[in-house]
């Protein structure tokens, strides 16, 4: 009884926290704060996984999502200098569109969730030793196994890694002639301040 | 109160159980006792943390002094024993400065993230058969995940300081930690493969016949070395202290921190060293298992004279000394050398090692294979 | 004390509560996807949606199927999210180098 | 530097900004075989670790001195420079004859040698040897410049004071001719030689502020004449 009371309290705390933080992710104008809020949402999701007896998944969630993806996002934010300035407010049209679509989706999904369906009579025991079970399933090539998707995912990750490197690689600048800091006559035009340049052209 | 203390003492005599297990057992019948256990564990870990910080900082200063032909702190207390305490008091009394135009909230949050990640790892380390706060069936994964989580503290701290050096240090640190995490995890996976479990207690118990470092014909040694190098890089210690290299970046990501918050970063750094040492000794050196050789019963009985906690302490001190020895011997690497070491050397070695390890496991090709 | 505990325990979350929570997060992510202007912000909203989808798989696994198939789907989702983040970040960095902005309303390369 | 191939250094001509300049090609750095570098790296790491461990295990190599406790047994290296001192000969005469070579040699004007005409000898002799420790860099140029070995760098290092103005010293305790000059005189005149006492420095100092005993504040240009009178 105490255990289920604890579960209840934790679930509702996590639920409220997750909703608030998810709203922070999409509404804050400081992108880095959004990233921190996203990290907190993912952390709370890991907590939910533990409530759902999926400890291994919780570990993977923290390892990959927080240790990898959020750090990558923070890197992206810093490299694109998005953190230095406030993001512009979305236009009213976008705001309206976003909230209408979001609310409509919520309404539709809730309709589906609360629609009458066959009652779940069987009481399922959580899987013991999920690490072992997941490992066996992932490498099982029988009809119940997931070995093909597993291999495909590894291919996808490899392709993504190579693609990321190729896209983000610094393209070497075309070989430039030796510059002398603006002393040569041809370069004066580019090194002087703009106002002065305009005067000269007049 | 007396009753609770008595029960804790009595419980120590039971077959080994973690504190979390005892609390879970007691929860339906005796919630107060469970709460007392959990609270006691929390207070205990925090006290341990503080003491550990003090001891490690003192040890680092003394040992570094000896390596450099100096004496180290000698004035406060006999042989400078109270120097760290005095420094802590000084840090606590200092003004807590947040730079203007820094992101206040992030600046305040970052040290807690950094220290929190470290403290959370301390909870799952098996110190001795009787002293173990919590055991998880995903122990190794948990440890890796949480230590990857600490990088966020460094990144946020560096960015929110609104200082170029701090930002550079944070970015370097992020790149370094993410890269070296791969090698460290690959090295840990070898032991997981051997032990067949990710629970730290299970891994310790699987080494009853011999420690993993030498039971697997060299595979263990290679992964031990790879893990040691990679985790030294992960905790930003010299020779991998590029993120804070004081001769290049003043102090890197914590350049703008002062007072209590600086001491949080500082403490996290030193506790991280303990965490690495504790994990290395748990995974490769048998944790609290005494040094046993196969079936030489007489020899093993002599080794059993020292209790488990003592063995753990000895191993951890040895690794910590090794880390300090590294620090005061080697010069700092350059950024490109750092990346080369990881991606071109450690990572291929790690992959090949994992492959060889899987063959060792497949054909049960251990020294002293009897007990597994 | 026991009464209060009993009362709290009687509200123990079931399938529906978990599903509603995941849906709420999904819809928040969806509206973020439509309102955000910064490309990294959009990526973060997409991560929210992926995360809630993974959560739903785990919920169904816990309450409807006696296996770990849902966990495996969640792991696949996490892997896809990682691949997406890698490629996304690469594209944003390249785009930023080229256009000095990653505001999606400013990027109209394919329009004319 | 063993991994740099110096046999491969070549000169070539390269045109940079329209000019042809000779350029030395950088010697190629020999990289090791990928598999050979791992054991060699460990070997070199072990070499370094062995060295530091040797120092760790030999406490006799510790060079730290526990200063205030070991004051009685404190030993300085011969060439340690702590303060400037004037040499005296066996009879107690200063060997400085006021030639001002040190004053000219001093790179930052930390030495002022005041001389006067000797009453008995009729030659230039030392009046006051003023040394400003606050601006001295202990470069030893004065000692090297001295033609008569009258200066030395001493080992008295406990010179800390609470006011910078107290760091200006008069080095000689008496003014008068050198021993050599006195030796040239005959018995009678030698008796007339009087060694005038010189106390601590009490001249003007380069910093304004509160008055200290024996120390006068800075002399500003406007007040110069007034001050001169008192001197």
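Structure notes:
Per-chain residue numbering starts at 1, and chain names A, B, C and D are given in the order in which the chains are listed.
The rule is short, and it goes like this: contacts are C-beta pairs under 8 Å (C-beta built on N, C-alpha and C of every residue); 3 or more make two chains touch, one makes a residue touch a chain.
All values derive from a computational prediction rather than experimental measurement.
Removal of subunit A from consideration leaves the following touching groups: B, D | C. The chain pair B-D and the chain pair A-B differ in C-beta contact count, and the higher one is A-B. Averaged C-alpha coordinates put the centre of subunit B at 50 Å from the centre of subunit D.
Subunit B and subunit C have Cα centroids separated by 32 Å. Distance between subunit C and subunit D, defined via averaged C-alpha coordinates, is recorded as 71 Å.
Chain centres here are Cα means. That of subunit A falls 29 Å from that of subunit B. Each of residues 1-2, 56, 60, 68, 75 in subunit A touches at least two other chains. Residues of subunit B found to touch two or more other chains are absent.
Along subunit D, no residue makes contact with two or more other chains.
Every residue of subunit D that touches subunit B in the complex is listed here, in rising order: 38, 45, 48-49, 51-53, 55-56, 59, 61-64, 66.
Contact residues of subunit A toward subunit C in the complex are 1-2, 4-5, 7-9, 11-12, 15, 18-19, 22-23, 25-27, 31, 34-35, 38, 41-42, 45, 48-49, 52-54, 56-57, 60-61, 64-65, 68-69, 72-73, 75-77, 79-82, 87-88, 90, 94-95, 97-99, 101-103, 105-106, 109-110, 113-114, 120, 124-127, 130, 133-134, 137-138, 146, 149, 153, 156-157, 159-161, 163-168, 170. Those residues of subunit A whose C-beta lies close enough to touch subunit B in the complex are 1-3, 30, 32-33, 36, 39, 55-56, 58-60, 62-63, 66-68, 70-71, 74-75, 78, 83, 129, 131.
The residues of subunit B lying in touch with subunit A in their complex are 27-28, 31, 103, 105-106, 109, 136-138, 141-142, 144-146, 148-149, 151-152, 155-156, 159-160, 167, 171, 174, 178, 181, 198.
On the subunit C side of its complex with subunit A, the touching residues are 5-6, 8-9, 11-13, 15-21, 23-38, 40-41, 43-45, 47-48, 51, 54-55, 58-59, 61-69, 71-72, 74-76, 78-94, 96-97, 102-103.
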